[in-house]
Each structure stands twice: as C-alpha cells, then as structure tokens.
C-alpha cells in the first residue's frame, strides 16, 4: 500500500503556523493564539487555580489544540511536526498558564518532550518562576516490559489523564494534588496500538516507512515508531482477540474492575471499522466480568493519515468517574 | 495512489449489523438499537413533539448514527453500505419516532433514498399512519446547475439542516413548520466537495475508482460520484481559491451576509490540512465582507477513507443562529 | 406447456437468483464504472432472500411467490434499484391473485403492469440509460409472442439488445446522471440485470419445458 | 594560526550550516529508518536560524556567537536533538566569556564541557547509538591535538568513524530504542550530523587557515 503523499498544505515551513491560525480562527470562542505557537483558552480560568500546560509536537491533530478549553488544558505549546517545542517557548507557555496556583507541565513521554520540558523547568527556576512542576506520562505497553513502566511511551491513552486532570484543575486542589491525580490516572491506564498502513510526512513529503498492503503492526507508536513486529493483517474480531489479552494482563485489569475504554483512530481508519472493533472489545470485557463505565471512539491523537487504532483502558474509582463526567468544552473534546 | 483495501471488519454481510451494535454499545446513554437497524434516542423526546427520522445508506459514519440524540434526530433507519433502507423498515422507523406530533422523513437527495422514502410514505398512508411528511434536501452545487437545484445531491452541508431542524423539533412547532424550517435551511445552504483519492468498498473489497496520486477531483459526491472533472492536485490556498468563488456565486452569498461554515472531512484528510484550508477560507470570506458566525471542522459525513473535503456555507438569520446554538447531544455532534 | 403453476414460477425465480449471483462481480464492476459499485452485491443478496422466503412459504400460490419476490427485492436490496425492482414485481401481484396457473398472456399483463410502475416510480423512459432500456423491449417482445417458449426467447434477446444499447447513452436517471458524457461506453448495470433475468428464465424454460 | 577570533568562529558555524543543509535529505532518510524522518529538516532549519541570528548580532563576540548558536539549536530545532545540541553549545559559553581569541586548547575545553552536558542531559554513553558515539571520540581527538589544523582534522576523522560505528549497534536512547535488533545496519542520524559538523569545520580550516 502506498500512502497518499500529496497533502493539502502550502509551504511546509509555514504549516504549523498556518494550521494553528486556522484552528484558532474557527474556534475563537474556545481558543486564542499568542506568539504564533501558544494556543490558550479564550477565557482564562479563575485566579488561584492550577494551570495546565503541555508542550508537544504538532501533526497529531486534534491533539493537543483540541484539548484547550474549560475543564481541560490552559495552554498548548505547539512544536514543529512531531518535534517538541524548545524550552524558551515552553517558559512563555508556562507564564501564560500561571493563574497564581502554580503550573503543571504535562509530558507525554518521548525523549524530545522530556528533554525540553526539563530544560524549561531549569529556566523557570533560573528566572524565579516558582511553583512549577512536571509530570511524565506513559501508557504504551509495547514500548517497555512490565516492571519498566517509566520507560514506556505516551500515546493515545493519556486521553483519560488529560480529561480527569483538566476537571481536577477546575477545582480547588493544589499543584501537588494535581500531580498526584495525574500519576494515579496514568498508573491505571494501559494502551496498545496497531496499524495497517504508513503515512506521509508533511515535512519531507515522503512516506515515513514501508508497509505491505496485507501487513499489520501491533504496538506501533504515535510517530510510527515500531512495535512488536509485523504480521499478516487480520479481521476485526481476531485483531481485538490478539490485542486485548496482553492489555488486560499488564495492569492487570481484573474481574469486578470498572474501566473507561478508548478506541483512538490514528488517522484513516473509518468509524465503521472502529464500531465493529468496539463491539468485540465490549463483548470480551463483559466475558472477563470487567464493567465498562463509558467509552469514546474517535480520532483524538492521530499520526497523520495512518490507518490504525489504539485500544486504551483506564481503571476508575469514584473520584475518577466524577472527574470523567465533569463538563468539558474543548473544540474536539466535549462533555455536557 | 492505491487505496487501502484491507478493512478491519469481519464478514461483509454482517458489517452493518455489527457496526450498529458496536455504536449503540459504546453510547448506550445516547442511543439504543431496535430491530438491528433502527438507531433510536435512548430517551425519547416529550410526547406531542414532531419526530425526525432519516433513512439512508451506511458507510458514512458518523452520519447519521452520530446525529441521534437530544436536540437532533429521533431515529436513524440504517440501510446497507451506500444503499437506502427498504420501505418496510422505514415504516417501522417512522412508527418508532411517532410521539403524537407527526413525523418528518428527511431525505438526503439520492435516487435510492428518495424512491424508498416515497414507497414508505405510501405504505404509511395505506396503513393509516397520518401526519407523516417528507422533505427532500440537497446542497451540492456540482451536481446540477443553478435553476435546477431540486436535481442536486444531498451532501455534507445538510449538517446545517440537521442541526437546526433537530433544535426546532425540541420546541413546539408543528410538522408543517418543521418542514418549512428544513426547506429554509436547505435553500440557504451550498456545498462543494473535492477529493485527492479513491477509497475501497467494504462490500466488494475493491477500490471504488481509480485516481492518480497527483490528481484531484472537484465536485465529488458522497459515494464517489464524479464531479466537475479531474485536474492536477493543488496546494491548500489554491484549492480554496478554486472552490470558494463558485460556491459564493451560486446562492449568491453577498457582502453583509452572515454564514455558518463547515469543512467536512470525507475520511482520511488530516485535521492539520483542514485547519490550513480553513485559514484561507476565513480570510477570503472576510475579504468578501461575509461574516462567519460559527465554524465546524471535522469528519461528519464520510466516504470511507477517501481523502477529501467539502466546503459548505449556510446563510443564517436570527432564528437560524438561535437554533444553531441550541444544545445538542449526539455521540458525534455536541453543542453545550 | 403453455401455462405455468407455482412450482414452475418458483423454479424460474430460483434460476434468476442463480444467474445474478453468478454474475455478481461483473455487475459490481459495471456499477463501479457508472455508480457506486454495489449493484451485483445488492441484487444477488435480494434474490437470495427471495428464494429463501419463497421456500418458507406455507401456501406457495402464484401470487404469494410473486409478492414474496417483490418484498424481498424492495426490502432487502436497498438503494434505487431495490425500490424499482420491488415496484416491478408488486404491480403484477393483483393480476395473479386467485389463479392456479398462468398463461403467457396473463404473464405478459403482469409484466406490462410492472413496467408501467417502474417507469412511473423511476421517472425514466427508454433512452435514459436505466433498466427501462432492457425492460421495455423485453416486455413488448413477451407480449407479442404466442406461447411461453417464444415469449421467453424473444424477451431474452430483446432485453440483451436493450441492455447493450445503453452503452451509447448518456444517463438521465440514477447515479450515472452526474457523469454526463463520461457515461458513454459503459453498459448500465440495472439493464444488464434485467437481461440476465430474462436469459435465465429462457434457459430454464428450454431445459425444462420446451 | 593557532587562535581564532569571532570572525573565524562565525565562518565555521556558517560552514556547518551549509553542510547540514546540503545533507538534509540524506539525514532525513537516516532518521526515517531509525526514527521519525525529520532530523535533516530540523537540524538544517536550526542551523540556518543560528546563522541568521549571528548576522543580526550587534556585538558578535566569541561567547555571543556561541550562545546564539546554542539558543537557535535549542529553540528552533525542537525534539530530542534540539535540546541536546543546545545543551552542547550552551555549556561552552562560560569558558569563552571575555576572551577575544580562543586557542585550540581553550576550544577543546569548551567542547569537552559540552560533551559532558550532552551525556548528562541525554543519559547516553558511548555505545548507545546516539550522537555521543561521534561526539565523544571527536572531542577526545580534538583535545589530544597540538594545534587547530591537527585538531579539526583528527576530530573530523574520529567523528566520522564514530558515526559509522553506530551501524552495528542496538539503540539504548532516542526513538530508535524501540527497534531493538532491527536498528542494526542503520547509521544514527544525530551521530552523522556530528560528523558532518566536524568535517565542515575541517574543510573550512584547510581552505582558509591551514
């Protein structure tokens, strides 16, 4: 299979700036653009609350611009395509999110994101911006074995962390409590992704890697990083039957647990396919006596037009369910 | 460009049933499944209100299952992939939507949808179900010239009609008023689509038509029906500059008008690209002194994994703006 | 034999079902060029349902078989041609009610009634590049014949010729309408199905009754 | 000449910028095999920004040029290697402050300080299949040399050898880590960039100063 190479963009070097400008023009009631690269809530949250920022690479839309808004994040610091932003821009974003209650920098674990956030934290200290902390988040079971969880990559399952953390930071909890909540959500979340296709880089205009039309890869990362290896492409039920057991074993999720489920579209999978996949996942979870509290199916963190999906589970308690159900109003994450 | 042919489904003959089962399992608080093919609101609307039904082909997810819910449609009667449901099933759906205030059957104009809805209406009359009416909707300017609007196809721009009509039917207006509102919204809506790629049929497992990697087609329909012809693929700004003028001329939209804008992803276009496209469209509308009231960018009516988009505009007055802003809670159409 | 009973009618429908199933992929390909590529799948699904439903009938009278076929096509096929093929069969039910055996003349009447319904329903005339281009000449040939053997043979030939005539036409109905001049050179799938149906009937007749 | 001033330092940075720009696509291809395919684009964008920012400097002192380069790489490159290249240059700024001309020994100190920072920042050692595999031997060779000519030449050779040595390695840092054994056979893009930087400096030196 050849990926589509022609993209509807203009000059690649203007891509991120133009895309953010378009996003903020379309959703001006939700988000506004500052310094070309900071996507901020149109209405800042109340003074004294903990600010939430994330600095990460672009190219995964709607992540993370779509998560800016009430009940969600305060500032997205947008890097180039698939590249974390530099530390000085991150410091600007941190300043912009500061409402007096401290700022939590969320890092979806990738080398670049972590290194730049660390540098930004050091700069903050040097510049006397106190009350800033960082939390490193990961969920992808394919990227390091059980027992070495902190080496794992951050992928689509952080969806759950973002939502709960956003709701939490609308309340009166302090920075330490926010960080603890993020860690709790992270430690109860596991994801596994697969893909049927490659995708083209909008920067180079070339296909990122080769994949045969009848192949699939289980465990693929958000930037096309390899997973557990290639195999023959399977049908929907077979694919779920292959992916769900390792996911359940990893935490482990057990009979009696209550979970949130995400099926994240990495790009060009159809919702039609995702609904068929969900049907099997729901049946298998019911068989395992694991109760589904709520589910989401959609394209929340994409890898360009890659045809694949991630299955993510988050074990929830009463606090987490309440945070999950709290209202949210991002352009691409709405909870009534 | 070759389209992805392997789909994550099981047996094609079970596809629609399985997909609807998965959808309703995931969103059981919003929709429930009756008779395998009727997707209904989990909580029916209040007695006495006008019921809204649509019968159309599947394969365009989230249309129309994603539009079932409060402030939106009451029943989606799901046909096979790209094929309208038969009249007897439609009559069942009409009965299910009947809350005593009459039922309006919405037809997105395609031969099969119209023929089956007409048959269903005749059956209703024969069976003594009164107070049922039908409205035929269309928006695609590429499918028939100005002056022959009723021959045009229904495509993504009906988005505006669905939303306003759904809000209207939460109120106390009667069937005739609902139909008049639908016609008013339709008559102020225009769409034009384009595509960079073909897609594969999940039924036949074959690519639906051939397209070269450097080609694009302007005016393509929701099932891959041809439009105004092929040409060399252009960049984002050039594409908007080609599509917007005929759209503006058709109604015509004029200086001083206020509009809603939709950029609908036909499948595998990225949001990244759509934001870049939106930026240009917004700039050009501003130049023409046309005011954008609200915009939506996303995959609302898809053609499997086709890489293309539709640009739709709807001229609004105060009534339409209020209906637009009214709350809605479909799985894939939420307004707070 | 110049009158058929319910057994023969059931066998004729089965023969049609087998023929369209055998040509499913070819019909899909014709529809891929002019429409959305599903015609073969749809028509074979619906005919298979008709055969199944006919087998399940408690009292398989002529009119019950005809009605069952109509309903299966109308409800299980979906899309434009389901409604139209359904309309075709449903119209003939009335003229078969309360008869045990049907002559070629009575059958011609049922077919002609169906054709009228198709034209009305689809707002299509000969030359619009639809199934009407095969159905209209087939029904005329059937009506003009003196017995079943001649009727099936003449109808099959006329339907095939009609289907082939659609190649040179621009479509004025159905999805192919939007192709304009680009439809020229492609044969209409719905008309091709009509030809296959009459050919299957004629072949069955030659083997079993002639 | 065995001490360089700000003019020469600016020219060396420009030479590096030109070299990575010329190799942009090749570096992208190396990164496509091991990571996400953007390394060439990122490093050439950042070096181009450094050159531009250096030209805009009011007082282009040695330390200002070094700091400007550090900041451009850190802020304009993005991703893992932006942070790491930034860390490399920023560490040397202190040792160049208030000097007008720098000897090869002083320069060696700045490079060694940068190497230390890179290792700490990236938690990477020689053998992890990162830029450290080129940078560590290059800095060692530079330190061991008696003058600039010998230093650039030895460093260029050592960096290239180090970059080539990454081919046989499994990655323990960066995106390539997830490839496991599948990384073997592929040369690390970051290490290749380090080799290109030292080779560009050496070529410039041979042409202009040797």
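We just call them A, B, C and D in the order they show up, numbering each chain from 1.
Following the convention adopted for this analysis, a contact is a pair of C-beta atoms (placed from the backbone, for glycine too) under 8 Å apart; a residue touches a chain by one contact, two chains touch by 3 or more.
These numbers were taken from a predicted model, which means no experiment stands behind them.
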Contacts common to chain B and chain D (chain labels): A
Lowest number of touching-chain links that must be crossed from chain A to chain C: 2
From chain A, the most remote chain by mean C-alpha position: C
Where chain A and chain B are represented by their mean Cα positions, the distance between them in whole Å: 29
Centroid spacing, where centroids are CA-atom means, of chain B and chain C in whole angstrom: 32
Chain centre separation (chain C, chain D; CA means) in Å: 76
Residues of chain D whose C-beta touches two or more other chains: none
Overall pattern in which the protein chains touch one another (line/ring/star/complete/other): line
Chain pairs in mutual contact under the definition given at the outset: A-B, A-D, B-C
Chain A partner contacts - residues on chain B that touch it in the complex: 1-2, 4-10, 15, 18-23, 25-27, 29, 58-59, 61-62, 66, 196-197, 202, 213-214, 233, 235-237, 239, 261, 267-280, 282, 294-299, 302, 304-305, 307, 309, 327, 329, 332, 334, 336
Chain C-facing residues of chain B, complex: 13, 57, 79-89, 110-112, 115-116, 118-119, 142-143, 153, 201, 203-204, 206, 208-209, 221, 223-227
Residue ranges of chain D in contact with chain A within the complex: 25, 28, 32, 35-38, 41-42, 45, 71, 74-84, 86-87, 121-122, 173-175, 178-179, 182
